[in-house]
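First subunit A sits with subunit B, and in the next complex the same chain sits with subunit C.
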Partner chain A sequence: MSLDVYQRLLALSRARAVPAASRAHRHLSPRPWLLTGYHLAGEPSAPVAIRYGSFRDSPKLLTVAEPRDRALRFAALGGLARDLATYLSRYTVTEPVVRATGSGRELDVDHCCVDAPQLVVPNEATAHWVGLLGQYLRTLDDPVLAAAGAHLGWIASRRHLPGSNVLLTATDLLTAHWRTGQLPTEDGHLGRLLAWIEPPAGVDAWQAARDAEAMPPAGPASDPSWDQVVLRPALERAKHQGDVRRLKLAAAEVLDGAWRDTWAAIDLVRMLPPGEHVAKRWESDRWSWTRHRERVLAGTVSFSARLSDVPAYRFLHELETRTAALDRQMALDDPLVMARYLATGEAVAGVVIKRDPEHTVVNSGGRSVLRPLLWVRTGSAFDRPAGTELWWGKVGMVVRGSTDDTVELMVTSGAVTRPKLGLLPDADAEVVLAPFGPQQYFPDNLPDELPWPTRSSRPKPAPEPELDDDLDTDLTLPAQQTGTAADPDTAPGRVPVPRAVPDPAAESRGAQ
Partner chain B sequence: MTSAGARHEAAIEEVWNRVRGTDRAVVVDSPPGAGKSTLVRELAKRLVAVGENVPIVVQTNDQADDLVIALAGVGLSTGRLHGQEWTPPTGWPRTKVRTGTKLGELGGCDVIVGTAAKWAYVKADERTWPLGVIDEAYQMSAAALVRVGHLFDRLLLVGDPGQLAPFTVADEHSVRSLATWPLDTAAGTLLRHHPDTPVIPLPVSWRLAPHTAPVISDAFYTRAFTAGAAPTDRRLELASLAHPALAHAAEHGWALLELPAAHVPRTDPALVATLADLVHQLVTAEVSTVDPSGPRPLNRADVAVGVVHRDQKAHVEAALQRRGITGVTVDTANRLQGRQYEVVLAWHPLSGRRDASAFHLEAGRLCVLASRHRQACVVVSRAGVDEQLHAYPAAEPVWLGTDPPQVDGWEANRAFLERLAPHRIPAH
Partner chain C sequence: MDPRRIAGLLDAPGCRRRQALDAAQVDLGVLADAIGAPPGGQSPYARERDGTFTHLATARLPELVGRHLGIDCAAAVETSELPVGAGLWVWREPKLRLRDLPVTPGQIVLAGDGALLFPVEIRSYACLDGHADPTKVAGTARELAVVVAALRQAAPVPERVSSRCLLVLPRNFGLAPVGTLLDVAPQVRRLGWSLDRLDAVDLPARLREPELGGQALVSALAAVEARFGDGCPSCPMYTHCRQDAESTGTVARAGGAAANLCGPVGTAVHALALAHGERTPSGEAEQAIADELARAAAAYGWATGGRSIP
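Take a look at the complex of A and B:
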């Protein structure tokens, strides 16, 4: 049984969202930078209005009286760029960090920013728009706009990495921690999502969701009838009479809902205690920010919209490593997430009813080795076969057999020497045995350049200008495929890795 | 020699001539049971005979162990490059074989076998080889090839194009945005970058029987192949009270056992029980398998249950253990690749589902499940798969920068089901 399906059905029958997590699994900056805005219909590079800033009650508002006039557009975006620079300048303090280098045997002192910026937007579409604005601005000659473009490009590039929290969307914040009774697509609407989680008193979620849909959209695409009835007259007035008051008022009013909803999403997740691994994941974002700043200062920031060659393979390796690590860390941090594994039978919960710490077996070399036995009484029938591997923290064990309510386990790692027997769970202890053990790190083992079988033997055509590459991609690919920026410092080798990790036993993993 | 035998021998000689020629790479396309392992063994023997050292890259530890046992069996001094946690399987040869976690421990071996993941730890400045052999080159990803390609000046890639495509735990959309497709098959990426590479198909399946080979060839392969066995060569003899699906499969090679249509959880308890009952009958009743080497009783190692998900494997295994049955292989399609059994019971990937996702439609998945048997294959499924296919017509997006799959999963599923229609047995 999938707990996810059960929770959705439960939410449906209660007409109210159900908690899917009991810990916050996203890092929440004490001072995030929020951004919500509209662009001209069909013209993502022509912002009409953007509300942004770190202060809930005094947001900044950018409006462009004639969004198609590039001089006005750049002047307005210049203000946003300067404010962004001011915000980012708060994150320049570094601290010395001792880390392993090379083969992991030598230590080195490096400097890492003590905190990193965080951008929060209402929804996926706005997050995508941020990336698009970054790609647009960073090609401009204006140094302030180009710098803002480079920063937005870095921020948007982190969005593709599981576990990164540099760019958060309010919809993701909420769907990571609650289950609603509506369709996943409907969960993409921030107003509807909030209505399911916190419907106004006396209103059920369905009604509240319908009410939320009647509100102005969270952007970046605006409501066409608002365009016609409100925006058009306001723009005309600004254009012909030089009076921008009406435009500013209309923009402030229409963006207010998404602004408040985004803060409300942050508030809701802040009420949950943070998961233990969240700070560890944020550390990798801090390292990435540190490296990005170094490149900005050195003038060596570069982006490619589509990775190729060795960086493409490195990106896949990093994605795989991060995906597995995030799933594992969330389950270990949060009983409600681990419950998903209990529901499918991959994890087991129960009470240790008997132990035999002195149990030994003869290994293939003929030596007698310690392999303690545990018997766990389970709440429900255990349906996995003998040979299934389970972990209790660092203690690894294998199922020897099971009856309707008892599982017999043999400890195979983590507590198989006398000094470590104290790490075994006590008799009568309540345990949850997880389907994954301590995190393993594997080097990516990638060569510096592609070997001959994976590249063409024909001579390469003359390199195209980098600019073309970027623009092509923007214009021709659907949303989900664009905007993977090169981010060389995200390779696991570049972040501090615990010392115990280099494990050449990758074969067992690679052979799964 | 039969004409099938002659065509097979001619293909082998062509491979050998190509390997001794000047092509930088050679690809051998091998349908299920076409003698791929024999080919690798034979070529290794010939290469060693002319004084070459042969490094062989395989994909899983099981494949590496099987190959080492086979190579040592023909007298080749073989090294097994392995990871820290590897332990020798039962039947591990005592002579002719060295093992080690590092290349340096395998000095003097004529042939060195290891998984791609393990070879990735070998550095090119340590040693390179004039020719490398890659086994299961359609199971291996381009990402794995990138990590070992620099070790070899030339490559021979051998594999079954009908196998499962490489997969990832990562979100595929993020990976699709790359300018290269790192989850292409090793053979596919090599052919893409070196289009002049000769591809030599092996034309005969020695595993599949004459009445099952055409179904597999038509539904899943672009290069047709035939069965090497004659129609009268093989037979499965069952007690008269056998389950009608087993009786039908014994006679025709196929049976499609259909449970009543229903939308069910992935670990469909009725399907688990049905599979366990069929296995129980097969291993407890008197069943003989007959081939030109004579009749012999069917034993547990001859039977496999192929499933789609790991939780299905766990449930079927547990159900068998409750019936006191051990020694029967239960595994996912992914891990059954390259293995062969007398009788295979297969869990249809689309059984009991509401949707037909790309994962469940993948041609390779069904192909692997349906092509592991020598005698008979019983596909077990909820009824209604046909309706499901027509409710979800193929809708895979076209990805720029990648080659389209050789065989369309939706079409392969439909064709396979159509060919199995005469073998449909309703369960009661």
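Take a look at the complex of A and C:
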């Protein structure tokens, strides 16, 4: 998008981030649960230290004196699991909601939780780690740990759904609302991002970002030299002398930066007025939480490693629906997001210079129907073809033709009866015509044949001994495509498949 | 140079500075010292895990090789040259060459079925529920491509070295090894393409001097044109080139998307002047860029300042 590039160039030349949104597009819980931590290098199932909690000034700190000792690890994780359960238990209050069921004619009363939990982590890698921890805990026999694993699994599964706010990353919070002048990959570093948005007084963003790089990493991978110089002696001491003070001090020191930065990111986004549709998207998360709780209570929580056939089709369908809905809602909520579509020419802004509310056409039934005409003067040529549909609020129109500075439009819905002609824009009114009409609903009826990405067409692997039953089909993909450009990092059509997906039927009921 | 370094050529396509760095075989430790780059390195815990897993996996290699490649073999045998026939071999510190570049992997494990040799690679990142981190697998595939290409250069019959490799990873959260076949033929072809361009680099005479270090090395490298882009953070010259890009205000500092859109317009100041109509575009290309950016500038002005578009 050219607006992104323009904003990045502006930021680069000003050495300061520029706003990319004027509304908050993420729901921010009044009491989020933050988590930052380190695991042992290369071993996501062996946490070294985790700092978590809902209170900025009194975080809890979990440390494991010997992360590779399973008993010690489980004891520490047990504390985390109990605290998580306590936090989640705040979100059990439900309210009755009247909903249409069946064909939409009957009404039914359902119960939905009035609020849902929200987990905020510093970066994408930590969000991924949360999913891994959940997966690991679910393999254990301990009921408390397994329950925490189920909850973390649900939280992590929401991360893949556009518009879901159950698991937020601070880097995503900031990149959704600000644009920096550095490489997009560098935006994944929380400290650097914050330095661009709020550099300390008297320092430009470049210097502030370099200073931020020198700070301890936000995790979950620790700095290798810190491992060597600080962590190793601290762990040795904790292990042999049972003295964990040094470990706790070292962990608190390195995790403090990420903890404060994550809160700072939340504070920055809280200063923006929330977008109108945010509450609606959060409602979908609340329904999902309600359903997840029901499954937990009924003991029917399940997570599948890989989807195929109908569940995969439904999941893809939900992703598509949510992506379209999120784009539309953000653009309608926020002029700065709408500006992206103005910049690409998909939307058009201008002044109504002429109206013909009495214009009629003969429809296919031979009747003459009212189809008012509008002429809009634009700043630059509108280059989409005749027939393009545009919307002004609920008024839908199609482009009849355009010249260098004028677009001729015919209203086709929303204001095509005499009582509703008052809904048309006045002459001389400034309008923004967007490619977003009313919320689109895509029927999720199953097609006769499932589209190829969701079919389980991969040949079944040869029978394996029990331990090795799940060999990686992703890894063997290039082997099957010999002769085509099948570099695993550029392979086309790769759909990220989540590790765990909640029941799509339950989701879509609460989706919009 | 180890395979990872040569594979790094594929990360930064079209950067002549990066090519010069490898063509001149500059010592990365000396370079990091010279540009004051932060120390890299591996965590002792990662090294220990690596070692433990390699030990465990090596013991179970015959079984994995048998299952995935259909080769019956006993434990790996030490070798000091490219083996022939059927079996499983470990070749420690082989001295290989890829074109003119030395390739020095720590060890290469090879499985042979009599006709073909298959490289076997043991890595310690997890394969969870049948999924391994795709970025890491892609990195491993590029490194394996270097090994395959170097072995082919050493082999009397290059076709005898297969591009199908056996990748051994720990399963889920434990250390039980699982194997999977990975065909690196596309990476081998891409590597060949990159090496053709590497041959064409005319190295500044100063870079050919042995024992070049410190500021002399940096200035010799700086004389070669760099191409800053999204792949740069993994390059040893990153911090230096970044500083360069920041001081010149080049568009590429903001990433590949910006550089692609701005094309021949090199600096952000120039591009913004075009966007704001403060500069007359010269030529058709600049005109197109100016139009595109002016549209974005107008939309941004409308959204932030309430400036009307018409």
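Note that the second predicted complex is superposed on the first by the 445 of 512 C-alpha atoms of A that agree within 3 Å, B and C clash if a C-alpha of one lies under 4 Å from a C-alpha of the other, contacts with A are read in each partner's own complex, and residues count from 1 in each chain.
Throughout what follows, a residue touches a chain if its C-beta (ideal position, glycine included) is under 8 Å from a C-beta of that chain, and two chains touch if they have at least 3 such contacts.
This structure is a prediction, so every number in the text was calculated from the model and none was measured.
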item	value
Partner chain(s) touched by A:Ala324 [first = subunit B, second = subunit C, both, neither]	first
Touching partner for A:Trp452 - first (subunit B), second (subunit C), both, neither	first
Which superposed partner A:Ala386 touches (first subunit B, second subunit C, both, neither)	first
Partner chain in contact with A:Gly345 - subunit B first, subunit C second, else both or neither	both
Partner chain in contact with A:Pro44 - subunit B first, subunit C second, else both or neither	second
Touching partner for A:Phe315 - first (subunit B), second (subunit C), both, neither	first
Touching partner for A:Ser222 - first (subunit B), second (subunit C), both, neither	second
First, second, both or neither for A:Arg306, with subunit B first and subunit C second	both
First (subunit B), second (subunit C), both or neither touched by A:Leu183	second
Subunit A: partner with more touched residues, subunit B or subunit C	C
Residues of subunit A at both interfaces, subunit B in one complex, subunit C in the other	2, 306, 345, 482-484
Residues of subunit C touching subunit A in the complex	38-46, 49-50, 67, 124-132, 134-135, 137-138, 141, 164, 167, 171-173, 176, 178-187, 190, 229-230, 232-233, 246, 249, 251, 253-255, 257-258, 261-262, 268-269, 271-272, 275, 291-300, 302-304, 308-310
Subunit A partner contacts - residues on subunit B that touch it in the complex	24-25, 59-62, 82-88, 101, 114-118, 120-121, 124, 142-150, 155, 168-171, 173-180, 182-183, 186, 189-190, 193-194, 265, 311, 314-315, 317-318, 320-321, 400
Complex interface listing, subunit A residues touching subunit C	2-13, 19, 22, 40-45, 132, 135-136, 139, 181-186, 206, 213-214, 222, 224-225, 227-228, 232, 305-306, 335-336, 338-340, 342-343, 345, 349-351, 377-380, 405, 430, 464, 467-468, 470-476, 478-479, 482-489, 494, 499
Residue ranges of subunit A in contact with subunit B within the complex	1-2, 160, 162, 306-310, 312-313, 315-317, 319-320, 322-324, 344-346, 364, 383-386, 388, 445-447, 450-457, 477, 480-484, 503-511
